[in-house]
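Encoded as structure tokens, here's the structure I'll be asking about.
Each chain carries a letter (A, B and C) given by its place in the written order, and its residues are counted from 1.
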């Protein structure tokens, strides 16, 4: 049985070499690692989080922590509760009349589940990108400006700058800068999804939730968006639900495996995909089921 | 190709070439110690830190990470596979160089035995093979790698010559037997280094062209 | 079992036969409907076209019309001509007889001429000549070789634009711009058209906000609690039922609610009145048989239609867009106002235009509200009595004289053209915005 020694999470852009996984002998970790680990704040924390749809329990006692500026992938077979968990983070499940939740779910220390917590403000701080790109039937500019206009009045130039910077963040500016006033529905699928990402970042969130963002796209667009997610990690905490395990392996720092409503295992992506602890995790990532 | 994969592959290449340089250095130093009877140099080579061993483990985990997380295919996949094999060979080569140095210390006293010039030729041949193999690795030069494979013939030839010389020499000078036997071991070790270098060249051919040329006549 | 045994040649043949039979049946139905429609339209056009397409077209093109010159031909000059004739009007009959009239000889009413010569009958202007049509000229003396009056002078004073010319010179123009009269030849459609436009305007202005607002509330703000949901589905069901109620019922409701304000007062002696009766800014309560009452009654008729079609338009907005808006931190109302409603506007507009086109054609409620009155002027203000196109058509069609039937047909043609325009507009709007949503 191979041993894994947890190494600190080092942001990918600082070191070209991977953190080490000892496959033969135990070698002490680098001494300065512990400090880097402790200083990253925790963006989302779930303790004993349970969720129901009516009488059906969709999530059982989930304990999960996500550090700021990291990418966490939620994987698992269909119906395992990962999308449910995702949608509770920005309380989109409030739209479902039979949904309810218990336990603790904190965003930077504030309890999300508190009824007094302003849902509108929560959704501004936690943006969401959906599986099928859903741009509004307005112009590209109006799509990106939709969010900011909801929240406060801005001057024309302020708005234009914000739209440009959001589109640049989404790596879409160069392709649409000459057609900002044309309909967003004229863009290709990959461009539309990047537009949705630009729309989400325009309101200045801390966190981005992505529900299978590339499953409806062709491989080239998928690759571009994966690249984008890696860049966005520097500014936002990203949680992504995906059916594509290879994608989870490529882009996430930490992976959480859900099965039938429970969080089976979570840890560094490298560990999950080279040496998972739970046999169910092993069976899932190797493709023996699900 | 994703930037993550690109960065990984570039880093891996750098690590491998660094390890190769390190191994080559050990070999050259060992050969120099052997041929000049330089005891100080021999002690240096024997007492070296476990840098190469650490590189071995690091490169292996780098490969593991790239394979698990980035799913390379085609030439990238071949490169990663070849890297795994080459770094194992390099680690063995460095080990063998250290072994040579240890033996040099053992036979340091027996200066009465003069090894024939064939030994120097053999060392030079293996030095050249190693240099060429590593250059073929750095330049992705399959042609050069094939020439390295062919050069192993010469080394085998030298091995046989020196073996015969040792047999004769022992019969003539029995009391120098320990020295001669040690020398024979050294010769065998040099031949092993040559074989490992040939293996490196074969892995380079695999990485570049995709042909598996192990176990084939060069 | 091999695949061969799955195919029974007899059944295949029969199936193909039945298939072809169905296609033939459907084509036959199509042809019957088209034939019926064609017959209807042709008969209407045939009857009405004489009123619209008289003999004036040649006149406009500058040709002269040959009319039999009879002894005892009476000629009349229309009032317009009286204003503009400078000194003399030169008249020439095709038989060669020519007359000159002095302006002073023409009376203000422009009906019968007094003076040396008496003429009455419709006049037409051409570029150069004045030609009498259907004229009966009784001339005691005739004077030839009178100087001609330049046509252009007359035209300039009366408005020489093509529209004004058509309005004055063509039969269609005259039909559309004059009031009805006891004389079939002189019957005009203008008050009916104006009245229709006015009540449709009132209907649109009142029904649209009400209807769209109701639809938005019913569709977007669905309640959660059980009792509220029951009330909600109850209202929806009632609205659907209301759209099937015969429109005369709305007429009765309108009569009670708007004309007499539930019997609170006498329309002829309003208990509240503001403004001058003849100005356009006049309000009285109760409304009486007013244009506003007619408009509001039509609003009742079309409200269920607008609500239902607006609901459909709102339902057509994909839910994914709603989720997208909410996920960015929009409140429910912001989502509806900024995203759902603008997206649904094309569908709502289409429904509204179709509702309006139905409203224009509603005769029964207008009949109840306006009553059988002989209106020869356009409504001066919202409280004025009015008539509408369907009503006027009914009026003409119910007269015994054959001539009036052709006038009624002409009115129907105009009504049909208005309806077609509305529907065409609806189709165009739908087409233009359809592709932008998907």
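Structural remarks
Keep in mind that, in the parts below, a contact is a pair of C-beta atoms (placed from the backbone, for glycine too) under 8 Å apart; a residue touches a chain by one contact, two chains touch by 3 or more.
What you are looking at is a predicted structure, and each value in this text was computed from that prediction instead of being measured.
Because contacts link the chains only in sequence, without closing, their graph is best described as a line.
When every chain is represented by the mean of its C-alpha atoms, the one lying closest to the mean of all protein C-alpha atoms is A. For the pair subunit A and subunit B, the distance between mean C-alpha positions equals 48 Å. Work out the mean CA point of subunit B and of subunit C, and you get 100 Å between them.
Work out the mean CA point of subunit A and of subunit C, and you get 60 Å between them. Listed in rising order, the residues of subunit A touching subunit C in the complex are 90, 92, 95, 97, 120-124, 127-128, 130, 132, 134-138, 146-147, 149-151, 183, 185, 196, 199-200, 203. Every residue of subunit B that touches subunit A in the complex is listed here, in rising order: 2-4, 7-8, 10-11, 14-15, 54, 57-58, 60-62, 64-66, 68-71. Listed in rising order, the residues of subunit C touching subunit A in the complex are 224, 318, 320-321, 323-331, 334, 338-339, 342-343, 436-438.
Those residues of subunit A that touch subunit B in the shared complex are 12, 16-18, 20-25, 27, 223, 226-227, 230, 246, 249-251, 269-270, 273-274.
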